Each structure stands twice: as structure tokens, then as C-alpha cells.
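Pasting the structures in now, so scroll down.
Look at the two complexes coming up: chain A is in both, with chain B in one and chain C in the other.
Here is the complex of A and B:
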């Protein structure tokens, strides 16, 4: 087959680029452990507020610089275990986040970080994140959930 | 004697074709570099956050 020289260069360029992208994604997923949020565990949404761990939401230390953050979302509020809705996390801590909703679908986006999940009724969404950077981050709902959707927020403070 | 001008003519056509595709090649390479730059940008954003 007669193929133009430029076309061959372009095909090589595309193939090599694709292989590099796939290798980087593969190493990131299977060596560095960067996995998408999981929602494999189920819960009865009507009883979520009474069942562990969602009967006691909030931040709990479970190890050296390791924490468990449990959040129960409902229209139009995030129960993070603090009356003022502000959670303080030490900088550099690894936090295992577990969240669910007791009514409709909500979002769970910690703006400015890699934490971004969908909360579906009946499922527990989990994600592990290490907070490398100091700052005040807003936890907000990015799935339209009703008339109070825009007021649904909480605050995560990463402090030194 | 009749072959020499033919060969020259073929060479001319080849050269002309190369010039014709040069712009396309540069444009498509720029697009490729743009794709790589945006991919790397998003990846770095993911790593530093």
C-alpha cells in the first residue's frame, strides 16, 4: 500500500501518544492506587440516619494521621457532625470519606480537590484522599436536588 | 532517451505533492501537541490537588 510519508509519521505519533497515555493511566490506577469513588455497599436510605456509621457523622481519627469522615446528606444539608458545618482536617492527613443520602441523589464535590462523588439513595459512596494543601474548601452539591439545592454546602478546613 | 524526461516529471509530481501536504501536516501536528498539552495539564492538576 502506498502511504504518504507524512501520514506514516502522524500514525506513529498517534499510536505512541495513545500508548504513553494508557501507560500513565495504568501506573496511576494499579501502582499508585488512584481509583474512582466506590459505591459497592448498600444501605436502606430511610434508615440511614439510624444506622452505623451514619448515626454518628463526623471526623474520627482511626490511625496515625489517618481519619474516617462520615457524612450524611439530605435535602438540603450535609450532616458532617459539627453544628457549624465546618470540619477541620490536619494537613497531610489521609481521610477515608464515606457518604450517603437519606432521600434523593446529591453531589459531593469538595471544590479545589480531587474529591468528587455522586451520592445515590441506597448506596454508600467512598473515596480516600490525602489532603496535601492547606486551605478552606467548600463541600457542595453538584447534582440538582430540589429548590434548596444552591444552599447545600459545608466547609472543610485543612489546617497546618 | 524517452525515459529520462518521464522520471524527472515523476519526481516533480512527488515534490509538488509533498509541498501540498506540508500545511496539513503542520496543522495536524499542532493539534496533536495541543491534545498532549491539555492531557498533561489535567493530569498535573490531578496530581497536585
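Here is the complex of A and C:
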């Protein structure tokens, strides 16, 4: 198969760039632990609201500047353990988020951060995030879940 | 005395009628789907309520089904039938019967599916969203569409193999070869969604089963969902490789490279679905990464394609006397819409492809997953690159099938259409990309959420999307008018069906490209490699099944 010299150069350049890129992605994922949420722990979606930790959603301190945030999603509401739907997190805190859904698929996106997970019935989604910046962040649903999909929201306040 | 001009079709009349039947459905779908698109962008601006008692998600379902499924599938199959008839010769009676059966199954399927969406019994968007449940009629309609498309696929396979029997030892026509590759990929990929509908959704919606495994349904869907986008793209590549060179007066750069890139696209289009499921909790990260690698391998045939196309352009431009590094650019036929529309499509595929690499990367996906960035992405790739190329095909294909002419005035309208579409899309898609980076979700009606400053700042972007959507709507109306004129009113005559020939120094094409057992075999092996272990894992570690919900 004869290829033009320029084409060979072009394809070599492209392939090498691709390999470098995939290596960077791989190192970031497996060595530095920047994995997408893949917890693979299961739960019976019908009983999720009665089982620990989802029977008591909300923020709990578990260590020095370390917290556990448990959220139960259902159509069309996030139960974050606070009646006003506002969670306050101290600035600089490391928060282990655990969330699941008791009905259909929901999204779990904290706008303006890297917290972005899918909540699938039967699975617990987990993600750890350190909140370095002060501010008010909206937690919202980014997976279609029915007519009230756009009304699903809660607020995370990172305070000094 | 008035001279009578004869109407000459570019292919056999029965074949032309078959291809045109597909085009009527495709452009009707464009009208309905793009009108829904306008309503959506207006609704999201917050200043407008959708009339007629329809809700946002119902309109969104129509938009996705009409444009993502109906417009694309019908246009692609019609184009392929015409291209194969032109290059491999007309269809036999038996082949025509098979294709017409397929066409009517698909059309009935579309009508049935649309009916259940319109009465609000199937507001599940076109990606299903298990455990959300729709009326069984919605799923039955979709099965008809898929099975109908298989019958047309078999027609194309039969014609190709008949050509090989009629011309032993000869190299097959390039367009026929490319059509076969595209439809082989389509048949293998649609098995996933067919299995999911027949084994999971239909029994559940009929009340035969009580629960559904959500992750299995999503895995089967995305096994199909990514090859679906290549199914849109490959026909555009067919036009870029084998038709555009003729329009600019040049030759195909290399037959071997064209076939090689199609084979590579077949191999690397299917075992990649996990990159749509990166943020799903139930899939092992190792297998996610394996499929990310397989996804990215598609970069290689894409780079080959880019090289071939621009080499063809440059060679032709220099032949016409273009001097210096970029002098050839001026020699391109910019005033010929058959070139301009697909060319803009090609150029916008560069940012479109780059966005795709971002979406499919483990970490960057986390930032944009399910945000309106993704919507912006496929409006650049599917709704600009692919659709502008399809429009570029339609300008000559429709009159050449109906025995009419693309007049200078319709050509001018085509150029206006191309510019309007490009401007509208850049505004809308650009605003979507930006809002997505800020976290704005896709597939959501207008909302002020908790009233916080972060989400309230998205208003201007949504307004820009409404402006872009309105311009696009105008572009769509222009296109529909051009289509109707080309199909029924343009002056009778003979419009060229451009098929490029091979450059002299292109060299021999190896016979191995026609070894279908080999390519299909490798495709299946790659699929088994990428899916077997994680799929067993998904089933073995499955949570209790989900009951169905209807929350719309």
C-alpha cells in the first residue's frame, strides 16, 4: 500500500499525540485516582429510604475537616437532611458524597464544581470532593426524570 | 418555437422513486423536528410557554426522534440506495420489493411511534430512560423502524454481492462498498437496541415482567448509541470521499485509503459505548478506560480522512493555477452550493471532533457530562457537519432523481440557506458549549432552580440559544422550500449525479478489503473483548430490578 510521504508524517504525528494523550488520561485515572464515580455498591431502590445511611440523609462530621454527605434523590426532590434544602460546608472541608435514588434515574450535579454523577436505581454513587472556594453552589438534576425534572434542586453553601 | 426539454433521471426510474420516497419522509421529519427545536429554545429563554398543552419534554422527545432517528435514517438509506444504483447498477425486481417492504415498515413504525408521543404516552426521550415506561405502541413502532432498516440493508448487501458475481475479480464500486460497510455496522449495532426493546422494554410495558435491569438496558442502548452517530457520519464521508472531488473537478486521492478508513471506522465504532456511561456507578473503571482507548482510536481514520480531503482540494486548486502555500484556496468553487455546504460541514467538524475527544475522556467528561455542552457538541457534529453535507447532497440528488435542474437561482438560495444555518448554529451551539461549562444541564425546561446566583447567570446564554434557534428555524424553512421546488417545480432537465474517478497515481487497491468474513470477524472479536467481562459483571452484581414509572 503506497502512502504519500506527507500523509505518513501526518499519521505518525497524530498517532503519537494520541498515545501521549491516552497515557495522560490513564495515569490521571489509575495513578492519581481521578476516576469517574464507579462505586458499584448496590441497594434495593424500593427500600433505600429505610436503609442506612439513606434513612438519615444530611451532612455528618467524620473526622478533622472531613465530612460525609448523604443524599437521597426521588422525583422531584433531593433529601439533603435540611428542611430548607441548604447544606453548609466549612471552607476547605473534604466531603465524601454518597447518593442514591429511590425511583427513576436522576443526576447529581453541583454546578461549578467537578461533582457530577448519575444516580441509578439500585446503585450507590460516591465521590469525594474538597471544597476549596467559598460560595453558593446549586445542586441540580441533569438526567431527565419526568415533568418536574427542572424543579429538582438544593443548595450547598461553602462558608468560612 | 418553444423547445421541449427532456426530463432525464440519473438512475433507473423505479430506483429513483424508491430513493425519493425516503426523501419525502426525511424532509417532512426535518420540518416537524426543527419546529420543535425552535419551541424548545424559546421555552428555555423563560419568556415563552409552549402552546397547545404540550409539555417541554414531549416536544423534546419529538425533536430527538424526528431528527436523530427519522430524518437521518431515511435520508441515509435513500442516498445509499441512489448511490448504489448509480455506481453498481439498478436493482432487480426482488431487491426492489425487499426495499419497499423495508420502507413501508419504517414509515408505519414512525407513524405509530409519533402517535404515542403526541398523546403523551411516550415522553421518555429517544434514549428511553429506564425505568421510565412508555406505551407498548412506542416500542413496537421503533421495532418496525429498525427491522425495516434491516430489510433495506439486506437489499444493499444483495446488490453488492450480485455486482461481484457479475464482475468477477474486479474492484467493487467505491460508493457501493462504503454503503455496505455503513450498513454492516448499522445491523450489528442495532442488535443491541433491538434486544433491549424486545427482551426488556416491551415485556415490561405489556405487564409481562414486573421489573427491569436499568444498567443492562443502558448498556445495550449505548452499545447502539455511539455507532448510531457514526451511522450519521459515514454517509457524509461517502460524499466527501467519492462525490465532492468530482464537484470541484478533481479526482479521488486514494481508493485504498478511503476503503481503509471505512474499515477502521467499522472496527472502532461499536466497542465504545461505555464512554457514554462514564459517570454511571455500576461499571468497572478499568473497562471504562479500555473503551475510552477504543473510542479514541477513531482519531486515526479521522485524520486520514482530513488529509485525503484537503489533499484533493489542494491538488485541484494547484491544477487550476493556485500559487503559494494557500493560493489554491481561492480556486475552490465557493459559489457552488454543492461544494460550499459540505465544506463548511467539514471545517466545523474540527471543533466538533475536538469536543468529542473531551466528552470521551475519563476526567474531562466529569465536567461536561449531561450538561448542555453535550447538546452543543452534537449540534455541531450531527446538526452541522452531517446535516450541511446532507443538504449539500440534496441540492443535486433531488433534481437528479426527479429529472429536474438545480437552477442558478436555487443555487443562490442554497448558499443563503448554508450561511443562515451556519450563523444560527454557531450562535446556538456556542452558547450551549459555554453554558455547559458553567454547569447548565441538558434536556431541562426553563427553571430558576433554587434562585442562587450561579444558575440565575445562565439567562443570557439561554437567550442566545433562542436567537440561534430562531435563525435556524428560518434556515430550515428555506431548505424545505428549496426541497419542494427541486422535487416538484424546478425546470425539467438532466442534473448530474457526481461520482468522482480515481487519480492516476493512486495505485492498486488490495483485494483484502472485500474479505467480509475477516472484517466482520474482527469487529465481533473487538465487541466480545470490550463487552463480555463487564457485561457478565453487570449481570452478576445486579441490584434488585426496578419497577416501571410514568412520571410525565
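Keep this in mind: the second predicted complex is superposed on the first by the 154 of 160 C-alpha atoms of A that agree within 3 Å, B and C clash if a C-alpha of one lies under 4 Å from a C-alpha of the other, contacts with A are read in each partner's own complex, and residues count from 1 in each chain.
Convention: contacts are C-beta pairs under 8 Å (C-beta built on N, C-alpha and C of every residue); 3 or more make two chains touch, one makes a residue touch a chain.
What you see is a predicted model, and the numbers here were worked out from it, not measured in a lab.
Student: Who does A:112 touch here: chain B (first), chain C (second), both, or neither?
Tutor: Both: A:112 reaches chain B and chain C.
Student: Is A:85 in contact with chain B, with chain C, with both, or with neither (first, second, both, neither)?
Tutor: Second partner only, chain C.
Student: Regarding the shared-chain residue A:45, is it in contact with chain B (first), chain C (second), both, or neither?
Tutor: Only chain C; A:45 stays clear of chain B.
Student: With the two structures laid over each other on chain A, which partner does A:155 touch: chain B (first), chain C (second), both, or neither?
Tutor: Touch status of A:155: second partner only.
Student: As a test of reading the superposition: which chain, chain B or chain C, is in touch with more residues of chain A?
Tutor: C
Student: With both complexes superposed on chain A, which partner does A:14 reach: first (chain B), second (chain C), both or neither?
Tutor: A:14 sits against chain B and chain C alike.
Student: Touching A:133 in the superposition: chain B (first), chain C (second), both, neither?
Tutor: A:133 sits against chain B, while chain C stays out of touch.
Student: Applying the touch criterion given at the start, work out whether A:4 contacts chain B, chain C, both or neither, answering first, second, both or neither.
Tutor: Both: A:4 reaches chain B and chain C.
Student: Overlap the chain B and chain C contact sets on chain A and report the shared residues.
Tutor: Touching chain B in the first complex and chain C in the second, residues 4, 6, 10, 14, 21, 34, 112, 114 of chain A appear in both lists.
Student: Under the touch definition given earlier, write down the residues of chain A that touch chain C in their complex.
Tutor: These residues of chain A touch chain C: 1-4, 6-7, 10-11, 14-15, 18, 21-22, 25-26, 28-30, 34-46, 75, 85, 103-105, 107, 109-112, 114, 116-126, 135-138, 140-151, 153-155.
Student: Quick one: which bits of chain C touch chain A in the complex? Just the residue numbers, please.
Tutor: Residues of chain C touching chain A: 55-57, 123, 125, 129-132, 214-215, 218, 254, 256-257, 260, 278-285, 288-289, 292-293, 296-297, 299-300, 303-304, 307, 311, 357, 361-363, 365-367, 369-371, 438-447, 449-450, 452-455, 507, 510, 541-547, 549, 551-552.
Student: Could you pull out which chain B residues touch chain A in their complex?
Tutor: Checking each residue of chain B against chain A gives 17-18, 21-22, 24-25, 28-29, 32, 35-36, 39, 43, 46, 48-49.
Student: Can you list the residues on chain A that touch chain B in the complex?
Tutor: Residues 4-6, 9-10, 13-14, 17, 21, 24, 34, 112-114, 132-133.
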